[in-house]
Amino acid sequence: MDSALIPKGVERCSLKRFLLGQAIVGAVVLWGVYAMILCWMKGLNQTNMNDSFGFALWIWADLAVIAVGGGAFFTGLLRYVIGLKDLKNIINYAVLIGVCCYGSALLILAIDIGQPLRGWFIFWHANVHSMLTEVAFCLSLYMAVLIIEYIPLLLENRQVDKIPFFHNLSHNMHVVMAVFAATGAFLSCFHQGSLGGVSGVLFGRPFAFREGIFIWPWTFFLFTWSAAACGPCFTILVTKITEKITNKKLVKDNVIDLLAKISGWMICSYIIAKTIDTLYWAFVTAPHAGFNVMDFYDDNFWAHGIWILIMEIVICGYIPAIILLREKTRQNQKLLWTAAILATIGICLNRWVLVMQPMSMPVMTFDEWVLYLPSWQEIATTILPIAGGIMVIAFSYRYLPIFPQEQELNPVED
Amino acid sequence: MKIYRRSFLALGVGAAVGTALSPLPWKMVDDSSIWSQNWPWTPVPKDGAISYEDSVCTLCSGNCGIKARKIEDRVIKVEGKEDHIVNDGGVCLLGLSGPQLLYSPTRVKSPLKKIKGKLRKISWEDAITELSEKLSGIRDEKSDKVAVISGNSKSLSTLLLKRFLKAYGSPNYFTRATMNDTYKQVIKKMHGVDATPAFNIDKADYILSFGSGIIDGWGSPVNSIKANSKGVDNSRKLVQIESRMSNTAIVADKWVPIKPGTDITLAYGIAAEVIKMKEPKGSASLKPFLNKYGLSKVAEVTGIDAAQITEMAKDFATNKSIAICGKGAGNTAGSFDEFVAVHTLNILANNINKKGGVQVIKDSGFFNWSNMKMDSVAKAANKKQAITGNKFPDTESFLNKLPNESVEVLLIANDNPLYTMADSDAVKKAFEKIPYKVSFSSFMDETTEIADLVLPVNVNLEQTDVVSITESVQKPGIGYVAPVSDLQFNTKDLGEILIETAKTIDGMADAFPWDDYESCISAILGDKLESLQEEGVIVNEDYRAKNLSFKFIAPKNEVLAPKGDKGVYPLVLVPYDSIRIPNGYIGAPPFAVKTVSDKVIKGKDGFVEINPVTAKQLGLSDKSSVKVKTSEGSCKVKVNLSEQIMPGVVAMAKGLGHTAYDKYLAGKGVNVNNLLGTVEDPVTGSNCAWAIRCKIEKV
Amino acid sequence: MSTIDEKYQKVVVSPVDEIIGSEKGSSAIILVFFIAGLVASLVVGWVIFPKVLYSQKKQPFDFSHEVHSEQVEECTGCHFFRDDGTFAGVPKLAQCAECHEEVQGDTPNEKVFVEEYVAKEKEVPWLIYSKQPDCVFFSHAAHVKKAEMECKECHGDIGTSKSLKVYEENRLTGISRDVWGKSIGGFKSNTWDSMKMDVCAKCHEKHARQKEKETKHEQKNNYKGACFQCHK
Amino acid sequence: MFPFSFEWIWDVGHVVFHGGMWYALSIIGAGMTYCVLKAAIDTKNGKGGGDHH
Amino acid sequence: MKKEHDKVNKKYGMVVDLDKCTGCGSCMVACMSENNVPFKEDESNKLDSITWMRVYKVSNKKPYPNNEVFYIPRPCQHCGGQHEGHSPCVSVCPATATDYDYTTGIVSQVYTRCFGCRYCMAACPYHARYFNWWDPVWPDGMEKYLSPNVSPRMRGIVEKCSFCFHRYQVAMEEVYGSDDKEALEEGDYQTACTQACPAGAITFGDLNDETHAVHKLKDDKNAFRLLERLGTNTKIYYISEREWVRRAGDNYNPGEKTGSVKYKTEGH
């Protein structure tokens, strides 16, 4: 029925099956939308946040999706600015994943603030010293860049492409894409960093606070580095999952391998920097504020135990780095999967720790640890953009030429 | 077709560009945020001229000077009045909540009469007629079957109520005995004068407090807190003797946990040691009797280290010392024997009527009551005894006697006995027997809910009254309660109601010769009224009672055992006063409830404070649900493990567990009064129970 | 590659032909539609929108500032300062009644005032043109007494007006139109055309910079951290 | 956000931060304007055929 | 120029004598009443209960009978930060809704500017900031006691202690309006909690002004501030003769002496 819209030379499942799948995801989206409307109409009392946990699940989700969405800017940087031609075979998908991630982040932010109608004050009355201002500016600008990067793809839909203006537009945008990509990389570097700065500058919260250069705490640089390092892993992971679901090979191994190798080097250098940062923090920054680093990990072991640090650095840092660095291991599919998953978990865990632990931890001597469990509204609204992302990806995959190598890898016989 | 589609697109693009170039979207964005800044459902307080009006707070017997900040005719805030003899600018949280009480939706908005089981609005005229007919109807036959329960207020309007009952012809006027009432009897017996005590704790160097919550509402609450601060400035030493660490123990220099009920032994034990160090004049007669209190025995009975007792005695003997008693806020009467024991220490310290000691205050005589003209009914009735006999007319004793007495009409003012009295189930039952109950409450409280006639009185900010200030203040006097707010509802002053009613009852009018309440006040105050209204307070400079005699009294009891069988009820339950939870006849306003710790109320749950050692023995953990049982009742609460209480003793806050009032108060925690019983003091006749035995079971 | 090329070949041939076919005529029509959309939306935004946005309310009765300023010389004669420095704003009934106990003159408005309000002791529910939202604290004392500003500078020529203009209220925000200003675009030519925050801020900033030059004192607070001076 | 806003201060923070923002915004704006205009011109010139890539 | 700047500007602060504080709660209620702080049915969850002034009960955690306790009132600490104005919250607020008032040293909060991102709450180690999770609702009739000097806040924004700044505004009106009054005197501007405290434990005034009581009290040998070593440079000083109480004011590494870690900040 929709065959006129499907790119030529590729095979897609039946519309019925596609819509059925979409309906299932759509139900989740509706659930999320319901929760979102509740939050907007009734206010944030719908959440389990409180005055101690002002930043909670949402802010973590924000930081996490942006971190894993880092694959878009970094791949873009490698492809357009550094000029790794091979990556053109995955850049479309990286951009698409980026669009989903950043779209999610913006949507979550719009729910997260107590007065969504005044959200624009962050631009209009900007306090340039606030990391959050920087985040908002770069985030929305970069979102614009991502959309610009995504538009040519949309225009390449078979029916749209028939219109000469759109065809030309798409062509011209391709021509100047490097400029956009460079701007995007610049913006992304900054806002990934400023997201790290968000907790790093909190000098009242010794768990989060980091020394740094001028106004930028170490977390500023670590966040950018880690997003660049682990983002591609997420791109690989999503690509692999897509291949599993579509039961097709979509990207050639050499492309994945190149990305994995770069990611491996990045993770390796990042995790060393992270280790140094952690040691400096544990032995200099924390004692300076009167804390023993073990004071930071306490109360409820499963929520705030030291395991979380070991998990983040050793299991989800060094292990994927080692796997990806060695050609032999990264070309082993199972290990590649493992590395991609671990790296993704690792970066999410890093964001989790930097958002949740500082809120949980008592700073005044007579404070107490606070435990927080998100409400269903928070969970639903956090799942909402993920489900939405799946739908966007599914539609895009079905109707747009996302994977340039798909036809070659899956010749259609008819 | 194709043209149409593309033209439509062009139209849309044009409209989009045009809209973007017009103010519409931008103004809408701006205005919607301004809308969010001025949501119509967020109240906007009306502005106007600011003014301040002075008055005296009557929400407790502390009688602080207050000033109300007003915007036009709205009272927006209550503040303490600077340079006032009682509080000098400070003010407690109940006083501060005055505006919440004034504008509270739980107020009784007009007179109500029970018709077919439901309280219904009636006019004041009808209400007063109703009351007067009811009273007139039985006056000739059984005027003494009318009783009054009144709060322990020293206001002119309360005195009018007393006068009303006397003129009507009944001796049954009951009030809640407080520590002051017990102490007055101690003074009477030991010094031979009718006088009120006051304690100069601000100027003493060493204070032995037998459980007196100096900063927990004891005496005049704000005044006592101020006195404590002065003491801190002067580096006084405060020793707090009690089984649970109250706030007073927290600010004290030393908290001395004592086995419950052994205060008498400790006081005499210290006295025995003091006498060894210095022998004050006239104490010889005391000596043989004190021999009974050997140090080791006292230590054993009280559970306090002998060395510590010696140290206390030494400090007491060598400093400008004072000993004080009256547990917690002192709102309940104490044991006569215990008060005598403590006062004995004061005599040994030679501090009576001295700076830093116990002041024995005579009546100011500022109220100039004309001789009351009584008719034959009243005269006859005045020869009769009250239901409680010749002892102090304590409300608790009255309630205990109620099951065997017949009372036709009960008038209740300034009290909420169904909530405030021990064993409220029993009180409720006793009340059911009384055919006609009249409540003079401002609020729809527990007692008012079951009344047959409700005559709502003004709240403190609307009242006109005169109060005599005596509680723990260094200089006594009288204060003028001025109405700082217009009447919010259809209410009246108590005095106004009484005078109007008295005029309609045959034979009573002569006792109430004034035209109205206002002229009554000016008649009673005479030429002092003008300066009183101007200054807000008149101080009685010459207040010390003279010609005191000194006499020691041997105690009947050495230990006051809490009610209950030790075998069945192994623990001792101590109800405690918290200044944050008003526990008198006025329920805690929302502001006050908000300040209560989450270890006292959490959601709807109340807590019982238990030492971890005791909890371990009972197999209880923090926040677990338990049932507290006493001989009088039981309740479900949660455990609050606390190192601030003796093992074997458990504590619960007073003032919670209301069933009346609003959602901000009702249903939160439990009313500890339900678990308490009464113990009648053999000397004073007042209820002197301060604790009860209990057991705790897991739920 | 050839397959892809073929694909594009087809694209150009088949249905698109029709679209490109009557090119000249269609682009003119498209332009007309574009302009139509543009003009219509501009009219909506600049003309109709403000009419819809603001509701028109009438004052309880008319009032002539001109007549009164003949009797009372200073604005502060009626719009007075209280002893504590606060500004009383629009006079209360009691103040008006000092002169208007009885009907004076023969205007119908006077009659309404005396009969409906003075006699019944009912405050006049004036609609206040310059009423700021609740979050604004404005000190008349600071501006009028300390800085000796003219009333006119913010309130315009209201003092000489013969009658009260229609009160326009923003339907969404509930705030008087005089605060935003008459011009829907937010343009202004007089100091009193708008009473928005940036108008206040601009003036404060100007004075601060001037003072900074004069005194050589850093006036940091006047362009940073000044929010709290007017907000409550 | 804008230099004419009263909240704007000419200091390093504002200039660097907003400078970066306006720089990025103008690149995005200019780039997109270029693409759209070029595409319009190309279309007018009858392009849109197979001469892409 | 800096010195002059100091002279011109005030720096309001508070000194609280913890040995006098009785935990009576008057300051909390005085604050609620003065500042139109709303209340709701259940306020026992202290994590969503708005109390600008909050009194903590702090114990030394020792078992009976060696347990000791003190009460500590905690308003907003009005941090100055390492250089005047670099408060933890002010520097992070994206929309300049909270700001440092240089003329008074007060950290402001403009409710209508705030859009509820709660970053300031994350930044504040004192939990002095409160979010309006609900619309404020007063029971029927009770809105009559609301003060027009403080705007009731709407749902979805952050609020906190303002040192009763509106009282400063009102006091200044009198100065502006008066011909002979040049400046505020110590008693003209006091916070509601200071005024209400029955124990007289709170002293409020201009820390820069030698004639004000706080100026001297802050240099008391037993004075300390909360979390001083974080460099928050607060304007609330606490005094206690008890060593363990002072030690509870900050975090210490083993071997560090109480009060040994005063943070060097501008203007000290």
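Per-chain residue numbering starts at 1, and chain names A, B, C, D and E are given in the order in which the chains are listed.
Here is the rule we use: a residue touches a chain if its C-beta (ideal position, glycine included) is under 8 Å from a C-beta of that chain, and two chains touch if they have at least 3 such contacts.
Remember, predicted model here, so these are calculated numbers, not experimental data.
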| item | value |
| --- | --- |
| Intersection of contact partners for chain D and chain E | A, C |
| Most distant chain from chain B, judged by the mean position of its C-alpha atoms | D |
| Innermost chain by mean C-alpha position | E |
| Pair exhibiting more inter-chain C-beta contacts, A-E or C-E | A-E |
| CA centroid of chain A to CA centroid of chain D, Å | 26 |
| Averaged-CA centre spacing for the pair chain E and chain B, given as whole angstrom | 32 |
| Centre distance in Å when chain C and chain D are each reduced to the mean of their C-alpha atoms | 34 |
| Centre-of-Cα separation between chain D and chain B, whole angstrom | 73 |
| Interface hub residues of chain E, defined as touching at least two other chains | 45, 96-97, 111-113, 135, 151-152, 154, 156, 170 |
| Residues of chain D engaged with two or more neighbouring chains | 5, 7, 48, 52 |
| Residues of chain C whose C-beta touches two or more other chains | 19, 84, 86, 133-135, 224 |
| Chain E-facing residues of chain C, complex | 81, 84-86, 133-135, 137, 139, 141-142, 145-146, 216-218, 220-221, 224-229, 231-232 |
| Parts of chain A lying in touch with chain D, wherever the complex brings them together | 123-126, 128-129, 133-134, 137, 141, 144-145, 148, 163-169, 171-173, 176, 179-180, 183, 186-187, 190 |
| Of chain E, residues touching chain B in the complex | 17, 19-26, 28-30, 32-34, 36, 39, 41-46, 49, 51, 55, 57, 59, 61-65, 67-71, 111-112, 135-136, 138-148, 151-154, 156, 170, 192, 195-201 |
| Residues of chain A defined as touching chain B within the complex | 115, 117-118, 120-121 |
| Partner chain E, residues of chain A touching it in the complex | 43-45, 49-55, 112-116, 118-119, 121-122, 124-127, 129-133, 136, 198-199, 201-206, 287-292, 295, 358-359, 363-367, 370 |
